[in-house]
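Next, two complexes with chain A in common: one pairs it with chain B, the other with chain C.
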Partner chain A sequence: MAKEAKLPEAGQWPDRIAPWALLAGAILSTIGFLMAFLYAGPVNGAAVNGVEMIGGTMVSSKLLLSQKIFYFHMPVAIVSFIALAFAGYYSIRFLMTRQARFDTCAKVGMEIALVFVICTMVTGDLWTRFEWGVWWTWDPRLTTYLILMLVIIAYFVLRNAIDEPERRAAYAAVISIIALIDVPICYMVTRLIPSSIHPVVLREGGMTADMGMTVGVCMIGLLLVGFGLYRMRFRQVRLAQRMQAMKDQIED
Partner chain B sequence: MNPVLEEIYSTILPSAPFIIGAYALLWLVVLVYVFIIMRGLKKTEAQMGVLEEQLAELQEKYNG
Partner chain C sequence: MAVTLRKPSTFQQYKTLLRKDLEREFRTREMLTSMGIYAVLVLVVFGAALGQTTPALDLLQVAGGLLWALIVFTSLLGLNRSFAHEKEQGCLEGILLVPLDRSVIFLAKATSNVFFLLAVEVVAVPLFYFFFLTGVSLASDFWLVLVPLLVGTIGMAGIGTLLSTITINTRGKDVMLAVLFVPLVFPLLYACASSTTALLVGAEGYMDVFVQSIALAGGYDVIMLLVSWVLYDFVISA
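What follows is the complex of A and B.
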C-alpha cells in the first residue's frame, strides 16, 4: 500500500510562534528602516563641481537618499519569490497526490506572494518615479515582474471562475507552476540582458558591510512577516473549511 | 549655503516623500491583508454561532 502523504494542518507549533514571528518581523523591519538612515552609509550619485568634507570624508558627488528604498524593496521581492516557491511546491504535491489540503497551502502561498509582489511594485515604482522621472518603463526586469504579477492575478481569477473543486485546484496548480517558472527568469533577466537599466547590486561591486547588515535585518524581518501572515491565513482558511465540512454534515 | 554642499544635498529633500511613501505603502498593503484575515476570522466565528444554533435545534428534536 502506498504511504499516505502527511498533510499540513493548522494548530501545530508553527501557529503558536506565528504571532510572535509577525511581531518580531515588524520590529526587525522597523529597526532595518532606521538602520537604513542611521547606520548604512550614503550612496554617491553624479559628480559635483567641487569637494567638501562631510563627517570626516571628502565628498565630491551627490548623496542619494532615494537608494534607501532598496533596503526594503529587495527583501520584499525575495520574500515574494520564496512565497512563490512554496506555492509551486504545494501545487506539485497537489498534482501528485490530489489532496485538497495541498491546494489550500498553494492558494495561501499565492496570496502571500501577491501581497509581497504588490509591495515590490509599489516600492520600486516610487524609486523609478524619483530616479528615472517616470512611473513606468518597459525595462526587462520590470516587464518580467509585471508578467509575474499578472500570472498571480490570473491564478485568482481562474480560481473564482471554476466551481468544481478538483478541476479548479488542478488548473490553479498549473498556473502556480507557471508563475514559479517566471521567478528565475525575472531574477536573471538583468544579468542576461546587459541593456537593462535596472540596478544589479552584485554586478555593480556588491554592498559594503553596513549595507549588507541593513539588508540582512530587513530581510529577516520581512521573512518573519511573510511566515507569520502565511500561518495566520492558513489557520483561518482551515478553520473555515472545517466549519463548512461540519455544516455540510449536519445539513445531510 | 555653500553651492557645492547645496549640490551634494540636492536630491535629499525631494526624494524624502518617495522613501517615506514607499515604506508607508508597504505596511499599508500588509495591514490590508491582516484586515482581510481578521474579516475572514470574524465570518467564521459568525458561522460557528449558526452551527451551534443548528446543533441545539437538532438536539432538541432528538430529545423531544
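What follows is the complex of A and C.
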C-alpha cells in the first residue's frame, strides 16, 4: 500500500496547482511577448563572416527584428527537452517496475514534448527564413530537430499499431530510450562532420541584461505552461483509464 | 551408466542459432533473391532519375549518397523479412523456451542480418559501379569505401534487428519498420554517406573528412549495439 501511494495519480497535490500554473504561465508568456518588443533592445542577429551568399540573397550582420522570435524559440526548445527528459525517465521507470502508470506518464510527457517540438520547429523555421533567407537548410540544429520530431511521431505511430497494453508499453519505452540516445548522436554527427555546402554562421555571444530578463520571463512562463498542460492531460488520461476500469468491472 | 549433461556454452548457443538462420536461407534463398532483385530495381529507378545528369560532374557528387539510399532501402526489405519466418511456424516461441540468455538471440540474429546485407552488397555495389561510375574518374583511394560499407552494415543490422523484433508484432509492420528505422539510423547514414562521398570525390583534405566520419559512424555502432543488446531482453519477452 505504501508503494502504491507513491505512484503518480490524478487528484494529488500537483493537480490543484496545475490550473493556476497554466494561468500564471499564460500571463507570464504574454508579459514576455510584450517585453520582447517593448523592453529588450534590438540586437545584431547571427553575424556572418563578412557578407555571404545564402539562399540567393546577400546577408551580413545587421539589426534584425526577426531576432525577437528567439525569446520564444529558446525557452520552447528547452521546455521540449525537459518534457523529453521526463518521458525518458518514466520510460526507464516503467522498464524497472512494469507499472502501467509510468507508461501513462511517459506517453503524456511525449505528447507535451511533441507540442513543444512542433512549436520550436515553427518558430525556428520563421527565423531561418528571415535570417538565412531560406526555408530549410540541413544545419545540425535543424536536422537534429527534424529527426527528433520524426522519432516522436514514430513513437505515437508505434503505440497506435499495437493492441496489447503490456507489449505496447514495453516497446514504447524501449523506443523512447533509444530515441533519447540517438538524438544527441545525431547532433554530434551532423555538427562534427565538416561540410562545404553550408555557410558557417557564427553566433553572437552573450546576452545583455534586458535580453536575459525577457528570456527569463518567457522561460518561467513556458515552463509553467508545460507543467500545467502535462498535469491536466495526465489527469484526464488517468480519469479515462479509471472510468474504463470501472466499466469493465461492472460488465463482469 | 552415468549420463552427463552439460550446459552448452553461450558461444555454442550463438553458433547454433546463427547456423539455423544461415541454413534456412541457403535452402530457400528467399531473402537474398528478393533483396538482390529489389536492389537492381532501385538501380533502374536511379537510372531513370539521373537520366539528364552529366556523369563526369554531377554524378560523382551524389554517387555516395545514392549508394547509401540503395543500401537503406534494400536493408529495410531484408530486415522486414528476417523475423517474418520466425513468426510463421512458432519458431520464436521455441527459441524462447530454451533457457538461454536473450541477448544471444540478438547477437545471432544481428550477425545473420549482417551476412545477408553484405551478401547483397557484394552484388549491388559492383552493379552500382557498372551502371553509374564506369565513365567517371574516381579518386585513387576509392577502394577504402569498403570501410564505411562494413561499419554502416553492422550498425544497420544491429539497430534493425531490434526494430524488426518490435515491428513484427505490430499492425502494418512493413511501414512501421521504415517509420522507426529511418530516423533512428539517420546519424549513421549521414556519416557513412559523407565518408563515401569524400572518398569517391577525393577533393582536398578528403582524408580528414573520411576519418572523422568513420570515427563517428563507429561510435554510433558501438553505442547503438550496446543499447540494443541491453534492451533486447525487454523487447523479445514482451
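The rule is short, and it goes like this: the second predicted complex is superposed on the first by the 206 of 252 C-alpha atoms of A that agree within 3 Å, B and C clash if a C-alpha of one lies under 4 Å from a C-alpha of the other, contacts with A are read in each partner's own complex, and residues count from 1 in each chain.
We take it that a residue touches a chain if its C-beta (ideal position, glycine included) is under 8 Å from a C-beta of that chain, and two chains touch if they have at least 3 such contacts.
All figures in this text were calculated on a predicted structure; none of them were measured in a lab.
In the superposed pair of complexes, A:K247 makes contact with chain B only, with no contact to chain C. Once chain A of one complex is fitted onto chain A of the other, the partner contacts of A:V115 are limited to chain B, with no touch recorded for chain C. When the two structures are aligned on the shared chain, A:I181 is found in touch with chain C, with no touch to chain B.
If you count the residues of chain A touched by chain B and by chain C, you find the higher number for B.
By the touch criterion given at the top, residues 159, 162, 166-167, 169-173, 176, 179-180, 182-184, 186-188, 190-191, 194, 203, 208-209, 212-213, 216-217, 219-220, 223-224, 227-228, 231, 234-235, 238 of chain C touch chain A in their complex.
Of all residues in chain B, those touching chain A in their complex are 2-5, 7-12, 14-16, 18-19, 21-23, 25-26, 29-30, 33-34, 37, 40-41, 43-44, 47-48, 50-51, 54-55, 58. Across the complex, chain A meets chain C through its residues 95, 143, 147, 150-151, 153-154, 157-158, 161-163, 166-167, 170-171, 173-175, 177-179, 181-182, 185-186, 188-190, 192-196. Touching chain B in their complex are the following residues of chain A: 33, 45, 48-52, 54, 59, 61-66, 68-69, 72-73, 76, 111, 115, 118-119, 122-123, 126-127, 129-130, 225, 229, 232-233, 236-237, 239-240, 243-244, 246-247, 250.
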